[in-house]
Amino acid sequence: MIRLLWAVIALVWAQIAAADTMRLAVTTSFENSGLADVLLPAIKEDLDLDVQLLVVGTGQALRLGQSGDVDAILVHSKTAEIDFVTQGHGTHRREIMYNDFVVIGPVADAAGISGASGAEDAFARIAVAQVPFVSRGDNSGTHKAELAIWQRAGIDTNATLEWYQSVGAGMGAALNTAAGLNAYVLSDRASWLNFGNKDGLALLYSGDPALFNQYAFIAVNPAKNAHLRNDLAILLETWLTSTRAADLINAYTINDETLFVFNATPQ
Amino acid sequence: MIEILDGLKEAFRLVLGFDEELLEISLRSLRVTLSALLIASIIAIPLGTYLAVQRFRYRRIVISMINALMGLPPVVVGLVVYIMLSRSGPFGVLNLLFTPTAMIIAQVIIITPVIASIAHQSMRELWAEYHDLLISLNTTKRQRILTLIYDGRRNLLTAALAGFGRAIGEVGAIMIVGGNIDHVTRVLTTAIALETGKGDFALALGLGFVLIGLAIFVNIAIHTLSRTEREGLW
Amino acid sequence: MSAQFPLTLNNVLVRRQGKTVLGPVDHVLNAKGATIIIGPNGSGKTTLLRVMHGIERTTGGQVTWAQDDPAKHAFVFQTPIVMRRSVAKNLAYPLELLRVSKDEIAASVDHWLARIGLERSRNSPATRLSGGERQKLAIARALIRQPDVLFLDEPCASLDGHATREIEHLLKEVACAGTRLVMATHDMGQARRLANDLVFLLDGKIHETGSADALFAAPATAELAAFLRGDIVT
């Protein structure tokens, strides 16, 4: 018995060696889509490259890129990305693919948004009905897209609104909270399709081009520190914009629904 | 309620099926926490004992500080360690961020006050018992500390296991400094957080039950290896 | 006889919390015999012993040995202090401190276990011993380093007649073998049985001192006479 225990202890300390590796900060929405499980093995096969994914919010991803702690980032927040490049943290921004945001809400749809004429209208109806709405509240790409819609609808979310719940959490957590509160929430389609706790919620509105969600890849500026593998970042970028990636991305489905549309342009 | 039963089912399915990923993250959890425990104990136990036997001017303040540090929010520790280890930070050159080593560092910082505080308390009681005798025998400070540690080892083990409990269930700090990277820094607690966020409660609970089982196993293992229940030796 | 003697107490004063607990005291302890300290409770017997042994600091005055060797005196406390280890390991401890070889330690431990009749309890935790057994252990532990002088603070205070007899027997043997005894007691019978000379403490001062036979036969002061009669003396 004691020998078995010591053997287990020895096993615990066994080390594993690593190949060519790079760190990529991605958003929780990307991770939730499950696309990474398809792409990473293909990347390993084609490039013999281990991509270590740090799944964080957009804000944190940008922050990690800024500190030079990751080699590249993949986010979906155009204005923040442009700032990132302008400030010199990234060398350039490369669009890869897009999916869309959808408005989720309680099946009963008290605000009647399923008949809305657009995203703005849907949000306006929610504000009028004063039904609970859950916001990511975490400066993520999804959060910024949501705020942009409120702004165009003329609603000030900084005012004290009893029905507006800012949770400061990832997409899955926000969806959980919405399910618990019987609230509306803006989600990316992939996270919604992959979400395991749909109880009482349904996809009520989608399709407005304003809900377009563009993902972009930014290699972190190699001038930041000597450890950055800019070579690997560029290698990955080239792969992500290749026809091979295009095929994988366009073919990816959840419950027979495609999620992403590849839209990278050759350099 | 159903989810709890689903969770139990998940736990059994994962364990009995020798799920590879589960094995990987479980071993990593143990490796990180047990390493942190070892290092923290080496710091905390002599420290707690020294504070029990040596009188000096700021002793009361130091003891209060250590007790207060037990309440340090792990997330805050994680943030500070992240800033220190970040490539744009003072220790960036060590390239430790997003590695299990960074997680060990964060956990050492979190559990050392816990172990030191509990160790100090029992060493203080033991010192009160042994005080006259050890002074009468003309012992040096070093001899006193070693004797107290040896004779008080049962209580010190309790202190260490308290630290272990704190570390094995910790998620805030190691999420930040480890990054929860698949196959690199993902452990049981960060995996549970991930699955909860995805809405997969059954799997999250299943992992949780595995974690509890692991903690129980380690406690029993340590007690068996040190034969605490054997008559007469303790 | 030991070169440590004489022990000179010169104007020794001990004050605690504004009260004079002992002193001023002038006395000389020579190398021979067994000195018994008697006096009412609170007269300062314990303090006097502790000051002589050196585990209590004086507020004023000097305690001077002709040649000080701290390892050569030992103390037995009123409530026996046993370490949280086996009986044998308790005995071994003072020798381990001196880095004595394992074989020598084993031999000494065997010798003393036999002498105090605790061979059967060799590996039992010392905390399981009865009061009398603990005190015998404490005395053996004090004697295992072959001290020149043994201080005892009312060692039989809470023991039954049987245990008291055993301990007095042991002490007589030890005194005959050459160890200087300095013992406080409130048991007049014990004082008569063991004393060569007597120190009578009253209110923290030495009221009377001299050869035991002389003082018992003809006390010089009224207070000592009253005390020997069994009256309450203040």
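Going in written order, the chains are labelled A, B and C, and every chain counts its residues from 1.
The criterion applied here is as follows: a residue touches a chain if its C-beta (ideal position, glycine included) is under 8 Å from a C-beta of that chain, and two chains touch if they have at least 3 such contacts.
In this text the structure is predicted, and so the values were computed from the model without any measurement.
A.B. asks: For the protein chains shown, what form does their contact graph take: line, ring, star, complete or other?
C.D. replies: If you draw each chain as a dot and join those that touch, you get an open line.
A.B. asks: Nearest chain to the global Cα centroid?
C.D. replies: B
A.B. asks: Could you work out which chain's C-alpha centre is the most distant one from the centre of subunit A?
C.D. replies: The most remote chain is C.
A.B. asks: May I ask which two chains are joined by the most contacting C-beta pairs?
C.D. replies: A-B
A.B. asks: Between subunit A and subunit C, what is the separation of their C-alpha centroids in Å?
C.D. replies: Averaging C-alpha atoms per chain gives centres 80 Å apart.
A.B. asks: Suppose each chain is reduced to the average of its Cα coordinates; what separation in Å results between subunit A and subunit B?
C.D. replies: 33
A.B. asks: With chain centres defined as C-alpha means, what is the inter-centre distance between subunit B and subunit C in Å?
C.D. replies: 47
A.B. asks: How about subunit A: which of its residues touch subunit B in the complex?
C.D. replies: Interface residues on subunit A, with respect to subunit B: 1-2, 5, 11-13, 23, 28, 32, 52-56, 66-69, 169-173, 175-176, 194-197, 224-225, 227.
A.B. asks: Across the complex, what residues on subunit B touch subunit C?
C.D. replies: Per the touch definition, subunit B meets subunit C at residues 126, 129-130, 132-133, 135-139, 143, 147, 151-152, 232.
A.B. asks: For subunit C, which residues count as touching subunit B in their complex?
C.D. replies: So the residues of subunit C in touch with subunit B come to 53, 55, 70-71, 74-75, 77, 81, 83-86, 93-94, 97, 123-125.
A.B. asks: For subunit B, which residues count as touching subunit A in their complex?
C.D. replies: 27, 30-31, 34, 86-89, 92, 95, 97-98, 179-182, 184, 194, 196-201, 221, 224-225
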